[in-house]
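One chain, subunit A, appears in both complexes that follow, with subunit B as partner in the first and subunit C in the second.
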Partner chain A sequence: MERRAYYRNGWLPWLLIGPQLILVLVFFYWPTTQALYWAFTLEQPWGGGNTWVGLDNFLAIFRDREYWTTVVRSAFYAIVTTGLSMTVALTLAAFVDRSLKGTRFFQSVYVWPYAIAAPAAGVAFRFIFAPESGLIGSINAIWPGIWNPAINGFHALAMVIVCHAWLGIGYNFIFFLAALQMIPRSITEAGAMDGARPFQRLIDLQLPLIAPTAFFLLIMNLISSFTDSFGLIDVMTEGGPIGQTEVMVYKIYFDGFKGLDYSGAAAQSIVLMLLVIGLTFVQFKWVERRVHYN
Partner chain B sequence: MKRSMLLGATLLASTALFAAAPASAATKFEFWYGLSGDLSERIQDMCKTFNASQTDYEIVCVSQDNYDNNLQNTIAAFRANKQPTITQIFDAGTLDLMLSNAYVPVRQLMEENGYQIDWSNYFSGIASYFSTSKGELLSMPFNSSTAQIYYNTDALAKVGFEGIPETWSQVEDVARKMKAAGYDCPVAFDPAGAWQWFEQFEAVHNQPIATNGNGFEGLNAEMVVSKGKFVDQLTWIKKMYDEGLFVHKSKDAGETANDAFVNGKCQITSSSVADHGTFGKQAKEGVHWTNAMLPLLDGFSRTNSLVGGASLWTLKGKSAEEYKGAAAFYAFLATPEQAEWWSTVTGYIPVTNTGFEAMKAKGFYDAAPYKGRELAIASLTATPPTENSRGIRLGNYASIRAEMVKTIQAVLFNNVPVQQALEEFDAKGNEILRRFEATYAGQELL
Partner chain C sequence: MAQITIKGVKKNYAKTAVIHGVDVNIEAGEFVVILGPSGCGKSTLLRMIAGLEDITEGEISISGKVVNKLEPRERGCAMVFQNYALYPHMTVRKNIGYALKVAKVPKPERDERVMKVAESVSLVPFLDRRPGELSGGQRQRVAMARAMVREPKVFLFDEPFSNLDAKLRVAMRSEVRRLHRDLGVTSVFVTHDQTEAMTLADKLIIMNAGRVEQIGKPTEVYNNPASRFVADFIGSPAMNLFEGEFDAEGQFMHGTGGRFRVEQLNGVRAPGSKVVLGVRPESIRRTGADTHGAFPAIVDYVEELGASRLIHADANGSRIIALDTDSAELLSGTPVHLALADNSLHLFSIEDGRRITH
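So, the complex of A and B:
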């Protein structure tokens, strides 16, 4: 028996996927090709025309020492943000999964940060971390000058990373919790009967079993920390001080919109896109091999 | 949301107008500007007055929050052929507009619509910033300002300084005495203020920022900041910062330099004369202050300072009727009553000689709260504009300015040697300029 469903007339399937296709073409492929075209030309900001320059835009950004600093900084940002966010979320999920007291309450509370818009969280964190008046800034009263994101680039970067990681915790938490609850109780109970303590069970039983979820979250978090940091940085530091919180996506915004260098920004977008595609590809190729579904 | 509310408000205002005078439908045109808060309210007032003053045109004024946004949105709108008739562009965007081929020169616009304007009446320092190198004014001077230094007069009196410091070495002297007298923050300093601390410093000392007369003579100008007096000045600022005489104040640090000054925490700050009115309103009870022209290095005489703020550009691609409306609006702005009102409610300076003289004759500058604002005019007109003080005509100058902010931060916070930092700044500036030159390859500066 033919198990495959198919349509008798040729145009109906196209009609059905049409709306989706149009959306993707208009909002993804069209801007991407436009950016690709600009990346190989010098585009006048007011649209007066452009000249074909081949690979010049790419060579210019690759020659720029500052650009490479931005790339390294973005990688650092992505790794630390992802690591921090996933570790905290997993810890919280593991506790909630153990049905401790108040589980139901925490179950919903931990998701809240995800519902907060990044710029709003950015403003709140800026106040919390403000060197002169903020909550964290009050440690300056004990050790003067120990915390100052306004003049110390590393402090500023740490501040943005903590905020970004915090925003992601809710999302990661809900996935981890769902995955943990999918594990049959009998397995955990069997482990307990063999004398494994909760932490041991987490490492030996639960983690391998939720590996597919962890892998999915790893990809989502890495992509998000490469591409979604713009709003936060714009609100919290505007790339400063001394440009030390400027990551790739913020540099694209600054060069393109503030610096009116559309072509340079387009070339940087293409590089960022290739980087994210490459990263995802590598993860599917190498990391996924170690993940066992079922 | 904000925009639709504003639109709603203007619509309401205009329907009220029509009810009063059921004339033929007025020609509508848009004006986008980059100011917000109190200044935005004043512009809305101005638009209402214009709409009420005649029945042929109706201006719709839309705030885009800040200069950057307004420039970005204007460009996006222009590319989509949905541009406003008039847009407000800040000083640093002047060359970007000049080469855009997207505007109608204001002189041409006014002539074609039958207005006789005496262009020589505009302060030469203002006109030169927005004119071609041959002197043709391209955009309408609108909100003009220049940099000033502000002193807390009680603090000056407490350390026994007679009068007002006029040189940077006097500033150093009083700052040191203030520190000794127990003031934590003698001078508030924000590296983001590259406009007053760097650009204006270069102008009043007649120092070039770039070759070709700061870019006026061609797109192939090169940065020369690391070869001029600003090296000494930045070295001095660093020394003052390290001694705790200049204190870092910024939005990121929790309090802006201006706020620290009006709260009485810092005793000296440098800012635009446009803040004169704000300081007057916000100064804490018991804080007495005055403004003065920027101090000089020893052995220098004053050259005119640069005009800051923004001007109005008329964009291409609109109907003849809309251009008539724009010309009528400019003529309305230039009326003495309107010029005086604008200068009174904002703190921006009048832009014409006759406007200034008329206000002076009326005694506007004789008493608080407006006393002191005339110093801005004195600073702007100290000398006829020189090659180095008529303006800055460098491509993507907003980016170069941002690089200067980073440079000052690197020197202050990361102890990068001044000479090296400024040489790197020049190199980055040159990269930006060469890129701009390549983008507009084959175009000549007017």
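So, the complex of A and C:
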């Protein structure tokens, strides 16, 4: 069936799509164009506008040891955040799915964190993980120095990762729960009759059946870990201590706005953008070929 | 082989009671069929035996051991589900072998046992297909094979054939019978198809609204229904049931006007007290006008069954169904004479529907 609306006057449709169009143009296409411009040009040392430098900016960042450290750290950050968030969400969803009572309640409780702005959560977690107060504080009182994100880079990174993973749990939980509930009850019951314990049923029966959802979440989480980490890191560690929580997106900000190396930062952001486009592409490819069981 | 004892079992979902106290003994090696209308609690009872539902009250034991608190895997039952519940992402081979894999049976032995079971239900050509690539009947056989491969103490079937067409259903029925004869495993089979129940059961359990109405051999249940419900439920076409009373001369007066001579029931109940008289269609004969006990009726319409036919008739305001084997053509409106066979009249109390012995 053809679904098409006809408008008699020509300007009404434009008016309707206008706001969205302006948003996309102003906040996506314009910055992207700017980034592309900066990535392929260099400001002359003594002023006088930008000159075309081709791939020089990219070659420069690829030759930079520090950049690769950041890339590896970002990958680590993304993998651990995604793994942690998805594992916890799946565990919770599996439990809620097993005892349906109060499912509604858990659905809303677990999804709340998703509605919290990352920087706000960051501030909260800074207090939770503050070395001198709270639970961690008392542990530190017994073994001094066992936890101090302010000077230990690994602690700082762990703190940001835990916070980021926590923020994503609600989103992952909802998707996992919905997918689990789509599986006919009798399949897990058949598994129980076949002697499988709940954990084994999860691995052997439920996970394969929710694989499409899990894959979708995997990609979404990876993308989010690469791009949404900025707010958290800025609030919690500002990339520190000594750059040890600096991931790709934060380095873009730091090099560009603190170091005023616009061209380098722009090149980095193009790289990051290509990475996200790549992940999205994989996602679409998968959705096309996704296995359907009946 | 295992014996199953169900003692005073009740089931509540939240506040609503769905099983109100069931007592059943199932002997080792017996084939028991639970039959009842939709929603009467058959599946719930079966699932309580399986361990898929908690038992609110009472006790279920298998081989003399109380299983109330045991997980399904500790009870030694295998179940065949109504919608098959096959694992869609596994091949037939893996579906059948999953229980063995879980039980950590070594692979060579596992393959051998899967093959043996697959042979017995003719599934060998399909072992490497997924359930989605099978027909309904083949899926059904996979579900059976999956239950058989574990060599369980008890087989539980929850309306396993309800998604099959009539012909396949008959074929599967004899397959199940054969399996039970060969393996001799205690089996509990839930259905709401009475032909299936009658042909399969060693023992029939008739349930209604969360209660057991009658337990007995199929013929016993058919010939001596314990209640008005069973009388109405078992048998197709259903038994004729007339509410009415006896008069002093041994006649039964149906509330809507029909009068039947039933002298052999004289004295069972005082004249004037209300009862329900039950007569199976095959116990109503077409006779001549001068036969003792004959009463006139007008043919309403005739239902052809092939070898026989059902006469729907009106006897002075009472609707009657009679089974007729005579092939003479009967048109609507033809007057006929009918008579009740003496030896197969059933009486039920009008208050609680229980059988009145005579």
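Keep in mind that, in the parts below, the second predicted complex is superposed on the first by the 236 of 294 C-alpha atoms of A that agree within 3 Å, B and C clash if a C-alpha of one lies under 4 Å from a C-alpha of the other, contacts with A are read in each partner's own complex, and residues count from 1 in each chain.
Following the convention adopted for this analysis, contacts are C-beta pairs under 8 Å (C-beta built on N, C-alpha and C of every residue); 3 or more make two chains touch, one makes a residue touch a chain.
These numbers come from a predicted model, not from an experiment.
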{"item": "Subunit C versus subunit B on the shared subunit A, clash or fit after superposition", "value": "fit"}
{"item": "First, second, both or neither for A:I187, with subunit B first and subunit C second", "value": "second"}
{"item": "Partner chain in contact with A:A196 - subunit B first, subunit C second, else both or neither", "value": "second"}
{"item": "First, second, both or neither for A:P31, with subunit B first and subunit C second", "value": "neither"}
{"item": "Which of subunit B and subunit C A:N152 touches, first, second, both or neither", "value": "first"}
{"item": "Included angle at subunit A between vectors to subunit C and subunit B, based on C-alpha centres and rounded to the nearest 10 degrees", "value": "150"}
{"item": "Subunit A residues touched by each partner, larger count belonging to subunit B or subunit C", "value": "B"}
{"item": "First (subunit B), second (subunit C), both or neither touched by A:D204", "value": "second"}
{"item": "Nearest-approach distance, in Å, of subunit C Cα atoms to those of subunit B in the combined model", "value": "51"}
{"item": "Set of subunit A residues, in rising order, touched by both subunit B and subunit C", "value": "none"}
{"item": "Subunit C contact footprint on subunit A (complex, rising order)", "value": "184, 186-187, 189-197, 200, 204-205, 208-209, 293-294"}
{"item": "Of all residues in subunit B, those that touch subunit A in their complex", "value": "68, 72, 75, 78-79, 96, 99-102, 248, 250, 252-255, 396, 398-399, 402, 405-406, 409-410, 412-414, 432, 435, 438-441"}
{"item": "Of all residues in subunit A, those that touch subunit B in their complex", "value": "42-48, 51, 53, 60, 126, 130-134, 137, 148-152, 156, 237, 240-243, 254-255, 257-261, 263-264"}
{"item": "Touching residues on subunit C, where the partner in the complex is subunit A", "value": "50-52, 71-73, 77-79, 81-83, 85-89, 98-99, 102-103, 130, 132, 146, 150"}
